[in-house]
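Here is the structure we will look at, set down as structure tokens.
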Amino acid sequence: MRTVAVVGTGFIGSVHARNVARHPGANLVGVYDANFESARRIADETGCRSVADVAEIFDNRDIEAVVIATPTNTHVEYLQRAALSNKAIYCEKPIGSDYKEAEQAVRAVRATCVPVMLGFNRRFDASHVAVKEAIDKGDVGKVEIVQLTSRGPKPPPISYVKVSGGQLRDQTIHFFDLLRWLTNDEPVEVYAIGAALVDPAIGEAGDVDTSIVSMRMASGALCQIDSSRRTAYGYDERVEVFGSEGMAESARQSFRQLSLYKDRQILRDGLHPGWFERVEPSYYEAIDAFLRSMEKGTPPSPSLEDGLRAQLIADKATESMKTGQAIKI
Amino acid sequence: MRTVAVVGTGFIGSVHARNVARHPGANLVGVYDANFESARRIADETGCRSVADVAEIFDNRDIEAVVIATPTNTHVEYLQRAALSNKAIYCEKPIGSDYKEAEQAVRAVRATCVPVMLGFNRRFDASHVAVKEAIDKGDVGKVEIVQLTSRGPKPPPISYVKVSGGQLRDQTIHFFDLLRWLTNDEPVEVYAIGAALVDPAIGEAGDVDTSIVSMRMASGALCQIDSSRRTAYGYDERVEVFGSEGMAESARQSFRQLSLYKDRQILRDGLHPGWFERVEPSYYEAIDAFLRSMEKGTPPSPSLEDGLRAQLIADKATESMKTGQAIKI
Amino acid sequence: MRTVAVVGTGFIGSVHARNVARHPGANLVGVYDANFESARRIADETGCRSVADVAEIFDNRDIEAVVIATPTNTHVEYLQRAALSNKAIYCEKPIGSDYKEAEQAVRAVRATCVPVMLGFNRRFDASHVAVKEAIDKGDVGKVEIVQLTSRGPKPPPISYVKVSGGQLRDQTIHFFDLLRWLTNDEPVEVYAIGAALVDPAIGEAGDVDTSIVSMRMASGALCQIDSSRRTAYGYDERVEVFGSEGMAESARQSFRQLSLYKDRQILRDGLHPGWFERVEPSYYEAIDAFLRSMEKGTPPSPSLEDGLRAQLIADKATESMKTGQAIKI
Amino acid sequence: MRTVAVVGTGFIGSVHARNVARHPGANLVGVYDANFESARRIADETGCRSVADVAEIFDNRDIEAVVIATPTNTHVEYLQRAALSNKAIYCEKPIGSDYKEAEQAVRAVRATCVPVMLGFNRRFDASHVAVKEAIDKGDVGKVEIVQLTSRGPKPPPISYVKVSGGQLRDQTIHFFDLLRWLTNDEPVEVYAIGAALVDPAIGEAGDVDTSIVSMRMASGALCQIDSSRRTAYGYDERVEVFGSEGMAESARQSFRQLSLYKDRQILRDGLHPGWFERVEPSYYEAIDAFLRSMEKGTPPSPSLEDGLRAQLIADKATESMKTGQAIKI
């Protein structure tokens, strides 16, 4: 049984707290949030203690691991405090607001040798894992074309858009990570186009809400990611990896399995209403992987370095979109 | 090149005439119909000769094969005339109006030794063939449960219902044949329930429009066939064979492949509007099999005996429905 | 917050205990099992108390509700004790070993007026619920044919088979209940055939492992249920309701969404390995419905009467199978 | 009845000849091929005349329409001869070997005012047509992202590759046309990456076998096309159009509908073995549309201008691939 605390009890922090609480290998001992009421609510629900000062968590030697799920602009500080307190860390993505800040933090944390896992939870989605296994077993052969889709269902508030670093850094970053993980490969060149087709205010804020990124990988494989901030039909995520021996797909998923046959149509239940409903189980799997890595003493994955790489690709793609030029990575 | 004539140019006769005309191994030389105008139209379209007297076909020694596609009550006569004229015969199902009449005709035709193929075209449906192949390869193991669905889309005219022999003899008979063919097995006991749920006039005519037949096969396998004369969603045909090693399905088929994602639904194109659109290619394949059997000199399949067996099962199922008792076959 | 205890901590009892423990509207206060070690393990995991004497639960006035998940032969006793203790009851199906015993218990419990919910959890499966909603909204029109499939994946131990009351009472009973619930209708006549195709020992024990039940409903609709104790491909459950206006299907469900395109095939992830993986979420939904009915003071559903009806149908179907006659219900 | 001749009886010319022959509104009167044996074979099969000199077709005033299906390098000559002979023309794509040659030919043909239809048969694929209809009805809303896939199944001979003008001009051109047709829009900027991942000989010939094209449309929509010359799983074509109100997909199509459930998998029949099997019916529909436009006296579509536009886009995309720069169109 590992003793774990959760720092940050917003939407995702609460998910982590509940998952730790019901995990048979973990003991949730404390939660903290800048909003104490929020922390208290989740403490009541999960039967743990809420603390008013985050130092109570970092200074408590009985706490072996912390989950950092606070706003992005505090990640770097908490990462370093947790590392200096010698705790294993599960940190929500992204590491920091830009690559430079992230890199400095990573250097500092690395020096402490604490294990850190970055919260790219999609690596734990059962169907994406199945694609990865198919690739690693050779079922797909040499990877040649990767197609990733990340859409909707609705744009974040414009206030969030303004500080998000842009669609590629905020939304597409999960798929830059998926791409690297699925292919065991790195993009070496990136070209991106985008537009504010959903909401002109997003364009006025200097961002896009619809984009296509083309990449060439070190192996020669070609890759494409399309992202949209809004769909009219729920949350749409799709992974397709085409290779010399076959093609593996983690398809769009319906929220339920009703088919209604009427007239000239079959009306089937559609996609999950939001991204969380689609990927919810992957959050538990990610925490489970983190706890198992602690148990075995192996380095957790995805690592801080994976977080840095994804951030670098997002930066380069953003640069391409601004300049209209393909950019080497 | 086989010289072929088609007797009967109603809906299905015209289909056969066109298929013979475009088959590279056949030469359509003549068509006959009691309605001469109908014969002339199809003769014009396919570039062959229409005859006013069917004897011109039976007496013509250059004609090697005839397709009989006239109304059921004439099958027995034409079968025997064609057999005595020493022509290979492709005869639409059913052989006759009842088992007894059919059996007498079969006995007479058998004596002539001409090859006869019965028009159970569903045996030539590509996906049903795939199920059969899976069974014969052993992919399904020992067959244990068979489920067949035959529905819609709308009832025939009540005048037709009255002379049809009933739903089981008219509609379900195709599936009694499919069952025997798929399983290489014979039903030994049958129980059937039915009702006139679609149209009370069908009930008043002593028939049903909705039915379920349960059967026990000689091997011990259990089978179920549900039939309806009407659907609200096109023509619905489904084959499912469950066995000790797996399950094979020839699923419902959509007429087109559009998927439209909107709101909480995926709207997919539905089933074919009618039975003909669903099984159309099987008619060409059936004629092709007939011509190939002539080429090779092998007995065509399905045979007259297959036709008799299906008719017997339909009779027994009809008896069960009337008596409320399970009937041995 | 309702205080709840769970009586019986075998496989399903443990599932209920965990679901109660994580439900925000319930407080799991105690668990009991004839095997005290089992109770202690689940008590440790969920953070509640295990009791060595079940009376500690029934006599505890602070406990508002009990979940009965002990072996079937104890249901009747615990139902009555819980009712006399004035607790709300969630009782696993079936009520008793046979209809007569069940009916007596129901009469006794009814007199106490405690709310009782019977554990037909499939009524809470999201996709089956969607079929029910489609029917109730009129999307299917007047129901005419119902087809239910219940298969595998492997037979229970022969010792269990011997005391189970037979396949129809033990396995198919869930689907007798589904049928009534989906159609708001009652079967009035039943015919069943079965065989021991999977394991001869099941036949020697006087039971079957493969069966087909045909039923006629009060409305005139026809229904068919096929059941098998073993599949080669995981747990197979399917619901199809055909009516005058359309057809609704709760289709087979895959455990994951990988599609691998290779050669002439698409290899898709198959069905869940077992029944529990397929219907797991419905257990939480059932407990949730039970707690909400307590909250609102409305009678829980499915009721004891629903349990009795399903038991009666199972008895009549079993009688039909033995006699080879259709039986009125 | 229109009298039609077919010039060129290679693979596609033979398809056209058979389709004209079986079309009830056309009379196939002659076929020509540089290889006279080939012409004679198809003339025998379809019951028309083969001519040794193509002038016999162009000079025959009774022939109202010609189908040009000869090698690309002869299109320009035959287009002009047929136009000067005042015949309606159905011409296989592409118009010519490059945009300049094509444009000159188009200018000459335009002057004669004969109706010309260009053989972009995919516009007549039933499922692609359904996507187009959904867009035109507004079901998709404003188009924002288009994703087209065109793959395999195996590369043409290297001798063909060398004179083909490259993958984008030879293979992807169909999809440039589909894109324009589906969206009623024009690409204004294109970026393309490619590689010879399938066969190094293709790279040595200065071509690619795998490519991704990104485009920005005049409306602001973004588009992506991926092409491969080889798959391990048959012919793979997919159309997806995402918009403000929904998403329409013309999905991959299986050649048959068998599903085999075994172990942890469902083995479904895969894609058509080759492109022809997938799109075969569209050839008949295209000829039918051509004949109907003659009947009505309306200009056929797709037009020569459509052919020119697709050729221009292919040229610009090829230029982008060579320079590594995005190119304005």
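Lettered A, B, C and D in written order, each chain numbered from 1.
Heads up, the rule we're going with is that a contact is a pair of C-beta atoms (placed from the backbone, for glycine too) under 8 Å apart; a residue touches a chain by one contact, two chains touch by 3 or more.
Predicted model only: the values in this text are computed from it and were never measured.
**Q** Let me spell it out: compute each chain's centre from its C-alpha atoms, then which one is farthest from chain D's centre?
**A** With centres defined by C-alpha atoms, farthest from chain D sits C.
**Q** Please tell me whether A-D or A-B has the greater number of C-beta pairs in contact.
**A** If we tally the C-beta pairs in contact for A-D and A-B, the bigger total goes to A-D.
**Q** Go ahead and note the Å separation of the Cα centroids belonging to chain A and chain D.
**A** Each chain reduced to its C-alpha mean, chain A and chain D end up 42 Å apart.
**Q** Roughly how far is chain A from chain B, centre to centre by C-alpha average, rounded to an integer in Å?
**A** It comes to 57 Å between the two C-alpha centres.
**Q** Give me the residues of chain D that touch two or more other chains.
**A** Residues 231-233, 236, 245-247, 261-263, 269 of chain D touch two or more partner chains.
**Q** Quick check: in the complex, which residue numbers of chain A touch chain C?
**A** Of all residues in chain A, those touching chain C are 18, 22, 24, 45, 47, 126-127, 130-131, 134, 139-140, 245-251, 253, 256-263, 269.
**Q** If you look only at chain B, which of its residues touch chain A in the complex?
**A** Those in contact with chain A are residues 231-234, 236, 254-255, 261-271, 273.
**Q** Where on chain A is chain D touching in the complex?
**A** These residues of chain A touch chain D: 141-142, 144-145, 147, 149, 151, 189, 191, 193-195, 197-198, 210-212, 214, 216, 220-224, 226, 228, 230-233, 236, 242-247, 324-326.
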